[in-house]
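Here come two complexes built around subunit A, the first alongside subunit B, the second alongside subunit C.
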Partner chain A sequence: MEKEVMSSLKMAGNILCSASSFIRKCIFGVLRVGPIPNHIAFIMDGNRRYAKKQKLSHDGAAGGGGRYDAGFWALMVMLLYCQELGVKYITAYAFSIDNFKRKPEEVESLMTSMLEKFHLLDILVKLLAVRVHYAGNLELLSNELRASAMELTEATAAYSKSVLTICIAYTSRDEILHAVRESCEQKRIDLEFGNDDDDEIKLMKVEKNMYMAVAPDPDIIIRTGGENRLSNFLLWQSCWSHLHSMWVLWPEIGVWNLVFAILNFQRNKTYCLDMKKKEKEL
Partner chain B sequence: MWHLLHVTIHLCYFAINIANALESHLISKGLLRRYKSLHISKLQYLAIVIESEDCRTSNVIELLQWLADLGVKHVCLYDMEGILKKSKDFILEKFDGATLFQENDVLLDQPLMTLEFASFSDGKEAVAKAANVLFMKYLKSGSTSSYQGEQIFTESQMGEALKTVGGNGPEPDLLLVYGPARCHLGFPAWRIRYTEIQHMGPLKSMKYGSLIKAIYKFTMVQQNYGK
Partner chain C sequence: MLSLRFAIPTANTLTPPKIKPKPGLVVQTAWNQTDLFPSLPKRNDNKLQAATTDLSVAGDIPAEEVVELPAELSRELMPKHVAVIMDGNGRWARQRGLATSAGHEAGVKALRELVELCCQWGIQVLTVFAFSYENWIRPKVEVDFLMSLFERALKSEVESFSRGGIRISVIGDSTKLPTSLQKLINEVEETTKHNSRLQLIVAVSYSGKYDVVQACRSIAEKAKDGQIQLDDINESLIEQELETNCTEHPYPDLLIRTSGELRVSNFLLWQLAYTELFFAQELWPDFRKDEFVDALSSYQQRQRRYGGRH
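The block that comes next holds the complex of A and B.
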């Protein structure tokens, strides 16, 4: 009797999954009639509030990275949905330089969790043929984390179906400073070897040296957790990005949140394109 | 099916806009208690981003008057093409209650509102100019050591360089976007790290009650600054 009940429940579960998958495919098919964003960036806010809600421990000794596990899987699900929709570039704000100001035990627990997730990411992105790129001041990370990041970047360099950029030890100001410093260094070398054709450092040179030069500017920046600010994320690249804030906490983000964000983008697409053209004229 | 979906979304937003208009009316009449007392002192510096094609000076002056009535002391007016910059003298003449913000001004309480005018050229182009200022410092230092680099390429040095080229000002606490879409239209990136960004709709449909609501929402926000 019990076996029959379990078997029925399993069948019902499978039917529900198939039904929801079918509905999702239909909705995505309808969305694709209109313009699909080329690049979506996520500010993954709300992990700590979610952990509090779920009463997850943050104690490192008790596997305290646990509070961020749900956040990691939410990112993987978003990556899958974006691939299915045809969004080529996905960027996620994983760890800000400002986050180093948190309690040392929390930072350490986060770093441990990230290292575990990098190993998991290694398997998943190869299955999905996703190129991974890390944007940020990686010198601020531990040797192990940095090495793992570099390894994954090299291992996935040949993939081109999607590009996932993980912003880690990143802030926009640091990115701008880094780009300016690199541009100055290159100009100094050009001067030294007599290769300097320009009188001054041009804007294009600075932009080429940005960490985010691997991807076009984002079409949408989605922030979960209900806040309405960029928190030092993609400030340079977000001139024409549709800023979409949602109340849902990051680990709770679902397909309908993504669909709604894209619908809003499609409503404003023409305007944003016109503004991008105007930038070129200025 | 796609068109049907968008018509549905459009209708939803239409209904939301009507509700917002009604709420705005009630707020401006002082009928909603919670909006009656604004902790305006929390708003040290306000930025207004306006769609260039929407830049009617009469609307801008009316908006400034509303802000002055609410007690806002420091405002930055931004539009991408610099139309407001070109109309700066006209705006300052028509709006009695303001002076031009000077870069060395400290954000203290002043009798008159200070007004700053910014455009797209104060953003990315200013950073490129500032890069050249830092480059000259770097060359003059005569050293290419990483230590020397770390002394020159710092946020404070960058801030100073931006001031030199006229591209720096205070970081706004709140940025209100008056335009069709919720994007900041190239407001100087260096200045909006932790700025709250709120979309207000087109300038021609601006409402006093919506302005109060936006400022009220800002005053209720708690920021961790990464902590």
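The block that comes next holds the complex of A and C.
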């Protein structure tokens, strides 16, 4: 009897999943009638509040990155949905340079958690043929974490179906500072070797030296957690981006949140494209 | 996940969690989302006609006085620097069947009111996005009108601003402006440079990206001349070279954008790193005291963590 009940429940579950998947495919089909963003960036805010709600393990506990597990899987789910929709570039704000200001034990726990997730990510992105890129001042990371990041970047360099950029030890101002330094250094070298074909540093030269030069500017920046600020994320690249804030905490983000964000974007896309073209003309 | 509702609303219908305020805990609000079909504004202006060339609304900016704040606002939590993207003049005029020029003139009046409120409520810096670098591709007629409007507004307001203790600064690529306007800007900046009640920064022919690029060029020149080494280039140096170096508070605490658009449109990119963003549905000429109070009230309820923990 029990076996029959379990079997019925399993069948009901499969039917529900199939129906849900069918409805999702239909909705995505409708979305694809309109313009699909090429690049979506996520500010993954709300992990700590989610952990408090769910009473997940404290940061200080051994292997205490438990509160960020749900956030990691939320990112993987978003990556899957974006791939299904045809969004080629996904960027996630994983760890800001400002986050180093947190308590040392919290930072250490985060770094440990990230290292574990990189190993998991290694398997998942190869299954999904996703190229992974890390944007940020990687010199601020531990040797182990940096090596793991470089290894994954090299291992996935040949994939082209989607590009996942993880911003780690990143702030936009640090990125711009890095680009300015590189541009000045290149200018100095050009002058030294008499290759200076231009009197002034141009905007394109600065852009080429950004950590985010691997991806086009984001079409949408989605911030979860209800806050209304960029928090030093993609300041340069966000000038024409559609900004979408949502109350939902990052680990709770679902397909409907993504659908709403894209629908809002589609209403404004024509304007953004026009302005990007006009910026290039000037 | 499974839902039988097929009519998907475009507005974000996810409601914020109900948080019971505790002592010391502030309630956060989300960005306002645009409706699919925004309704016409509720204000009923009886004077639906093009404004005259007289741009002053009600005499001088009042001299310093203790002004009672609206009940929702706290003086201690007032932002030091507010930035505004004044969007919606054209749409405002079209909704009323007026020429675009009428929308811009109404926008100047709204700006004047905002300047008065900032003076009264202790805001120290107000930066307004009057004309972006990308706006040069607008029709020549509109651009010429805007340039003449800036000149008229500056000429008519300079004395009033001087008496009201307002310092005017203009940022942006002034080389593209008419010579007469460039000269007037220099005069106005010189005349008001010692005023300290409020600094009004007007961004004209401004682009956030070009602000950073010109800072980069300036730094490259200094490095070329040996004034600085490459290792000396840091965030502080870039801040000093940006056009907002004309003020002690270059980073806005609050950015307001009107007309319901959800983007920053190449305005103050570096400076907006930790700025609280507020998107108002109203078109700029309709953005008045009540709407400003809403924006300030929203700002005062937010928790600013700067990447750390509270």
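Please note the rule applied: the second predicted complex is superposed on the first by the 276 of 282 C-alpha atoms of A that agree within 3 Å, B and C clash if a C-alpha of one lies under 4 Å from a C-alpha of the other, contacts with A are read in each partner's own complex, and residues count from 1 in each chain.
In this section, contacts are C-beta pairs under 8 Å (C-beta built on N, C-alpha and C of every residue); 3 or more make two chains touch, one makes a residue touch a chain.
Computed from a predicted structure; not experimentally measured.
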| item | value |
| --- | --- |
| Combined model on subunit A: subunit C and subunit B, fit or clash | clash |
| Partner chain in contact with A:E139 - subunit B first, subunit C second, else both or neither | neither |
| Partner chain in contact with A:N257 - subunit B first, subunit C second, else both or neither | second |
| Which of subunit B and subunit C A:M246 touches, first, second, both or neither | second |
| Partner chain in contact with A:G34 - subunit B first, subunit C second, else both or neither | first |
| Which of subunit B and subunit C A:S20 touches, first, second, both or neither | second |
| Dominant toucher of subunit A (residue count), subunit B or subunit C | C |
| Subunit B and subunit C contact sites that coincide on subunit A, given as residue numbers | 96-99, 101-102, 171-173, 176-177, 180-181, 183-185, 187-188, 191, 200-203, 206, 227-232, 235-236, 238-244, 263-264, 267-268, 271-272, 275, 278-279, 282 |
| Interfacial residue positions of subunit A with respect to subunit B in the complex | 30-31, 33-34, 96-102, 171-173, 176-177, 180-181, 183-185, 187-188, 191, 200-203, 206-207, 227-232, 235-236, 238-244, 263-264, 266-268, 271-272, 275, 278-279, 282 |
| Of all residues in subunit C, those that touch subunit A in their complex | 1-3, 8, 10, 12-17, 28-31, 33-34, 36, 133-134, 136-137, 208-210, 212-213, 215-217, 219-220, 223-224, 230, 233-235, 238, 261-267, 269-270, 272-279, 302, 304, 306-309 |
| Residue ranges of subunit A in contact with subunit C within the complex | 16, 19-20, 23-24, 27, 48, 96-99, 101-103, 106, 171-174, 176-177, 180-181, 183-185, 187-188, 191, 200-203, 206, 226-232, 235-236, 238-248, 254-257, 259-260, 263-264, 267-268, 271-272, 275, 278-279, 281-282 |
| Contacting residues of subunit B [partner subunit A, same complex] | 1-2, 5-6, 9-10, 52, 80-81, 120-121, 123-125, 127-128, 130-132, 134-135, 138-139, 144, 149, 153-155, 158, 180-186, 189-190, 192-199, 221, 223, 225-227 |
